[in-house]
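You will see subunit A twice below: alongside subunit B first, and alongside subunit C after that.
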Partner chain A sequence: MKSEPEVRAALRDWVVRTNGQVSPADIRDDTPILERRIVKSLDLMDLILFLEELRGLPIDVEALKPGVFRSIDAIWTNFFAGASV
Partner chain B sequence: MSGIPGLRWMENGQASLSGPLLELERRLERMFLSWAAAEGAAEHRFPTFLPARELGKLDYFRSFAHLVTFPVALDPAQPNLEQFACGEPMTDDGEIRLTRAAPIRDVLTPAACYHFYVAFQGETLAAARHVTTRATCFRREAFYAPLERQWSFSMREIVCIGTSDEVKAFLARREAAAEAAWRRIDLPIEWKHATDPFFQPSKNPKYLAQKLDPVKREMVFQDRLAVGSSNFHRNCFGEAFHIRRAGEDAFSGCIAFGIERWILAIVTRFGPDPGAWPDLETG
Partner chain C sequence: MKSLAELSAQLCEASEKKYVNPYEYLDWPESVERERWYTSPELVSLHGTAAWDALDEPARMRLSFFEAVNFFSLNIHGEKALIEGLAHRLYAGGSAGHSDYLHHFLDEENKHMVYFGGFCSRYAGKVYRDRKVAFPREYAPGEEDFLFFAKVMIFEEIVDVYNVRMSKDERLEPIARRINLIHHLEETRHLAFGRAITSELFERHAPGWSEETHRSVAEYLASYLRATWKEYWNPDVYADAGLPDPYAVARAAFDDPACRARRREIDAGCVRYLLEHGMIAEEPAP
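Showing the complex of A and B:
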């Protein structure tokens, strides 16, 4: 299991790599990545696969609730910090 | 519901209004226009068709294949027209026997606000832009019901194109004004999160995105009928149509009112007697 800083850094790297235009300094942990379409709808399935790999557990897409991908903070809280979404 | 005086219903999902119902429609429009005026929104009037290539920029046809209506015309080649005219152009049950159709390059307006993004494409906005329009919109449905679910219906929209904060503040103001109005006239309407009616939603990542980051709130009458909606488009239209604001793709949002559904809500709530309908002009 990766540490919290490692997970957050990996998430930021994924967001920057996927977007292709923003720099790591543009992405704070509370930046609303869906609302600002830094992560776009077409990237969502890739994000889910990336999260499954990163945490080593599957994600039930049907059970996902609004807001779980809002920001790096929200992803950490919902998928890593002892949560089991 | 088709027994309401002034309502004439056609089984192909269209209604005509006259008398007190038409007057009610005008009063509703004045109320919506007063909200547009509060934003300083410039009014626009658009034609019925939208170029298909413009909606294609939004991947509209994959997302809403089940809703779209196209204007169809005959291929103008003389032999084709002769074949059509000299044969039996229509069956006994009213179905046109098409010969060859001309290429379809247009769409009947499916939602009023699309026209704005097409009209403003390529522009850089120095300030938030507020606009309003009313359009006859066309959506194919599995079934139709008078004033409730029509192939063609009227939509009034008030739109803001600007920064994310400008659009969010606009939506908050318009939502508050609409809510204050339906509370004052005592219509049982509540906000509910919704998603757009995508074709095969489970296969559409846009549906998943809307579910995970709700951008649409509907005004739901009596827990069953959406009479309008508030929509935050993020920067989808700004990006697709190259509209810029403050150095980035513009954000946009709209508040939309289904005029026939508002009429139905008022008639359902207060009855068919115009004397019992609420005053819409104040507030």
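Showing the complex of A and C:
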């Protein structure tokens, strides 16, 4: 299991790589990545696959609630720290 | 060229004439042997990659079984979303519109899920999960309807290429061939309707869209095409087939030149249609 800083760094890398235009300096852990369309809704399937691989556990997509992908902070809280889904 | 109303009337007649009872159409074997072909080897997601080369024939056949379960599962998820969207559009705005044909469309999509779900439940004991997520958003006038039918068209055109090829492939187990065949026969009508309504909606609404909407619609369709393809490289399939490190296998194979070339060859007709009608401005990367 990766440490919290490693997970957050991996998430930031994924966001930068997926968007292709933003730089790591543009992304803070509380940046609303969906609201600002840095990550688009059709990228979420890729994100789910990435998160499943990173945490070594499947994600129950039917149990997802609005806001779980809002920011790197939200992703950490929902999929790693508490692993609610 | 026929109007959409004329085409709908003709398709209704064909659907009535070729009505199939889904509970009588197939003879379901009690059980199936997994080390047989259920997906044409050339259409198995790993075909042409190092991971494929490393498998012996029985392992490739086992993989082809789970690939069929995945193909049928992604069809179930696609058709569930389609049924929801079609039901929403029945008698929308108080007018019958194309509802006469939407009744057949809904009926036939429901039957397809009987075939796909029947195979998955009987022989795999499950339907693979869906990883697509959609959040509500704002649309320009007509954009939501257009995108709904454009997505249906993209999804169904890719599926139909697989159906046509596998319905003719004598290496496949009869049950797999027959499901692909019946799906193709009914989808032919849906594809005709899908292209006609997509272009009709685009011609009606696109002239009123801003440049920004045109750009985001084109971008969305290219992303949808990629997301649709992504479901064919499912790590859950590789895990069930006994492959180690299934997520890495999925990532590597999706980006493999052989798989990119296969995607490009299969979606060529659909991409050409989108380009010729100005729905996308350039060919998306495969």
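Keep in mind that, in the parts below, the second predicted complex is superposed on the first by the 83 of 85 C-alpha atoms of A that agree within 3 Å, B and C clash if a C-alpha of one lies under 4 Å from a C-alpha of the other, contacts with A are read in each partner's own complex, and residues count from 1 in each chain.
Basically, a contact is a pair of C-beta atoms (placed from the backbone, for glycine too) under 8 Å apart; a residue touches a chain by one contact, two chains touch by 3 or more.
Computed from a predicted model, the values in this text were never measured in an experiment.
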First (subunit B), second (subunit C), both or neither touched by A:5: neither
Touched partner set for A:53, first subunit B, second subunit C, both or neither: second
Subunit B versus subunit C as contact partner of A:36, first or second or both or neither: first
Which superposed partner A:66 touches (first subunit B, second subunit C, both, neither): both
A:20 touches, of subunit B and subunit C: first, second, both or neither? neither
Subunit B/subunit C common contact set on subunit A: 34, 40-42, 44-45, 61, 64, 66
Complex contact set, residues of subunit A against subunit B: 34-37, 40-42, 44-45, 61, 64-70
Subunit A partner contacts - residues on subunit B that touch it in the complex: 164, 193, 205-206, 208-209, 211-214, 234-236, 239
Interfacial residue positions of subunit A with respect to subunit C in the complex: 34, 40-46, 48-49, 52-53, 58-62, 64, 66
Touching residues (chain side subunit C, partner subunit A) in the complex: 129-135, 137, 220, 223-224, 226-227, 230-231, 235, 247-248, 250
